[in-house]
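Next come two complexes built around subunit A: one with subunit B, the other with subunit C.
Moving on, here comes the complex of A and B:
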């Protein structure tokens, strides 16, 4: 897309006075059409992933594939929505929650476990315990960070983001240090666990995660109109009667839970959020979260399922999903930076 | 009526707004004038709850702005700051429609659509309705933002330097529209304005601030005197009567 291309607004010739009711109805139709297209694409990706190249026992193969699809759907929604929410409350399209050090904290926790108890502990620990511990630590960290910085009536979101970046670096350095101190065999096990992977997801954990993310999604949807207003910035939001601080606080709690669950479930997928949130904004061309959120979720599912499909069928599992997603996401990120700087 | 009682706002030791007490009457246009850093914008932000006061209270028709639920205030009072950075890409129509949010919570009815159309017409934005804000000139943008406050349908409209970045023609048009808005809809319009002659020609009441305090206030004719203006701006200002209006001359 070139720099001059505008989003999908119907060009209205100057001088024609369209009533607002008509104009908005047309916009809603356009948004619905785009969502329908995305839903079809997502369905096609899911169908392709489920049925291409099945050999032997269908029942067995489908059970495994559908569990993977369910994992990708849960993770996709979590990452997509956390990124959209984070961008809305920070008013910045280039930030994603991963900048707040969530990924690094995950890496640190895994590394410290291996460092203290050995690789065997990581491999044999009760996955539920590990999962709950990780989610609790990550939500706890973000809440603390946020309380600490917002408690003093400092309403500067950027200070919080900056602190998040610094903590992220700190966690990353600590994890690096610990990784250097453990023995090489343990390190190999550790490194494997740090790549996002859909292969060892426990069914019970998946159900629990789906429940948590479903609850957060419902909460987000209830906030969707207020989020539209918060996206205009603090002053406009307050003028329009939205308790800006309260909505931002809620959104950040939701973001913390979503990111923590997704990361604890499959590992860090850095660029997915950025890719998905911005593609959604570009494709639906609206600020309305009632449309933006479902669109972002569908794009996330298309990306993850499509990426995994390519991974399994084209690269025959020779690489990791994160490698593909981060490659595509990284290229997109650079394109986005160049485009924004040309504005 | 907006009542301001003993309001103080400090940044560190420095009081930007210093024990201000002021009553802004209902109806008409009230202009707040003063030199840079006199505390005009800060006062306007405090009245509109964008900034909390360190001391003192502000009430709008008896509602304390610090404690009244923000959505209730949003149906009575609209505020427009001077820098309207917009992180979201909106069309003029979408922006104006946001003005209905305090009344609808985001679900627009046929009546809301009608009010959006009316606000667009009132500010002659109908032809630009489906343009994006970043495709407009400064004057058109400013009009779109003021149209949003009209659409918000509040008794009070507070505008911080609505003439910022406007050329002479657009400034005059904007002031005329604000004047008409006050008359047609019975609104109370409060503006911070730098040009004393615009304040003189279009407002009913002038409030003069200096060093964080209100040093004079009154009907426009009484305020447009060399003594008061000289005191406000620390500048020799001649005031002449030209075709029935008091004009301050300070250019030479």
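Moving on, here comes the complex of A and C:
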């Protein structure tokens, strides 16, 4: 990344202590060009995924493929934006909600609901109502977790990341334990809802999710300028007249909803957010959320659709994409940690 | 400094009390299970009870004790030779590498004897651990927390690779059996490999002093006349062998190797002469407790020990991390 950090922690473009108007204009042009390239790539991936290798009934094949594309787009936007927002409010680049165990938390909430109310309640209740309840619980618990971990200032970054990772393990193990305590019939119902994959997404839930994501996206975009200021750090933000706590709280609510939607649709994909958020920051080289957010979303769509395309058409495998993302993301995370430690 | 003064003040009666408690719990564990084994039945010499005891309960108890002891000692050794409290087989990719080894063995040497499988698991565990040590050397700034973080991620990457291979060859279900440690399938004739881990643990005790010195740092150790690199490599080999043997026989047992040595050395200090026997006892006790809990929580069904340990272990680790945090023996 072509940014150095001054002692006060304010990001400044390297070599340009006082950026001139022309430098700004050039940077904007570069950002716009990058966004256009990403959009073209995303479109190409979507088109290739939709139209390559159709045999037999076009209508039938396209309906299935477009549903998959819609799912990947919704999940991509949710994961990309939740990661960018989370990195902004926590002020570091190696943390994402998934690494902090947020998606495991959502799985745990789902499991506990089945454990408490039984599969019958799950099957008879309105899925949208149920989902709203799960999301509400998620917002509450994730905000609590965040406040508990980040509330004390001056806590070490690595301690926090490690704690987040272990929280993920704890939530995962608790969900596993609860799943073992549920009676086997209920467990089958739960398993259906937990091990959702790209290939079997409920159309009703998808529409509802898209609606939720749309609302959250609109809210995020309204916040984008304040987020730019929050990215400077708490003290600077307050100094500049932004209600830091209020913005952080709103961002956390948005993150919780986005993570819930993504996890409910396709299950946890631990490292996707880390990959796309950092890639976006690296490619557009800006801290402005108006550019960063669309770039991250486009990269997520390219990764998911392109990856799925290669897996399905070249290697004829269906559901291993998350495993590959976790492999690549894990290696990238280690590299990031090593580079960070050399600063 | 109070901790330092109390360190090493291990009295004989402490150990004796520990042994007695462990014996009581062990005896009680023999009576827990779906089939009825009662003291009265055993005394009366009822054939069924005796059969159940000899074929299932006793082997299971021994397996639990051996695995608990060996894993926690392996953790203690790795903690010392890396000079980092939070490095253990489960945070250095050793466990995951051993699992990858079992998968490789199943793919290429499915028909071979268990000992071949184990050899491959040991080889992979060693390779993985040494790769991790190489990564460690690349970290110029060796942060106490950063090291296990990198280790956990390294383990995750190896785990992802393992899952991918298993998926490709339709072995996901089999993989599930190795990744979740479980003593419920232990019968006479199916756990004896664990004695090997027990033997290696004893070997670790012979090296205890040298590990202690190695834990004080490279230059210090060399100054004291210890062949540092050799001791470190020996420790890594011992820990890898133990981990691989446990993974091959009962599956991955998470967190024991991390939690137990930490709690013990917090109470006793870093002299392995004292810490090692206590760690061994405490590890056996801890795993046995979790195993019995797993048998009782949803009686007559069983919850695998790895699930119980995942919950208890991660909770304890979080407390250690967030409460003790940086103050705990930063090197």
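Note that the second predicted complex is superposed on the first by the 241 of 343 C-alpha atoms of A that agree within 3 Å, B and C clash if a C-alpha of one lies under 4 Å from a C-alpha of the other, contacts with A are read in each partner's own complex, and residues count from 1 in each chain.
By definition in this document, a residue touches a chain if its C-beta (ideal position, glycine included) is under 8 Å from a C-beta of that chain, and two chains touch if they have at least 3 such contacts.
Fair warning: this is a prediction, and the values are worked out from it, not measured in the lab.
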| item | value |
| --- | --- |
| Touching partner for A:320 - first (subunit B), second (subunit C), both, neither | second |
| First, second, both or neither for A:243, with subunit B first and subunit C second | first |
| First, second, both or neither for A:167, with subunit B first and subunit C second | second |
| First, second, both or neither for A:277, with subunit B first and subunit C second | neither |
| Subunit B versus subunit C as contact partner of A:21, first or second or both or neither | first |
| First, second, both or neither for A:264, with subunit B first and subunit C second | neither |
| Intersection of the subunit A residues that touch subunit B with those that touch subunit C | none |
| Touching residues (chain side subunit A, partner subunit B) in the complex | 6-7, 9-10, 12, 14-21, 23-24, 91-92, 224-226, 228-229, 231-236, 238-243, 285, 287 |
| Of subunit B, residues touching subunit A in the complex | 48-50, 70-75, 78-81, 84-91, 93-94, 97-99, 101-102, 105-108, 110, 113-114, 116-117, 120, 126-127, 129-130, 132, 152 |
| Parts of subunit A lying in touch with subunit C, wherever the complex brings them together | 156, 158-159, 161-163, 165-167, 169-170, 172-174, 176-177, 180-181, 270, 317, 319-320, 323-324, 326-327, 330-331, 333-334, 337-338, 341-342 |
| Complex contact set, residues of subunit C against subunit A | 86, 135, 138-141, 143, 145-146, 148-150, 152-154, 156-157, 160-161, 163-164, 167-168, 297-298, 301, 303, 307-308, 310-311, 314-315, 317-318, 321-322, 325-326 |
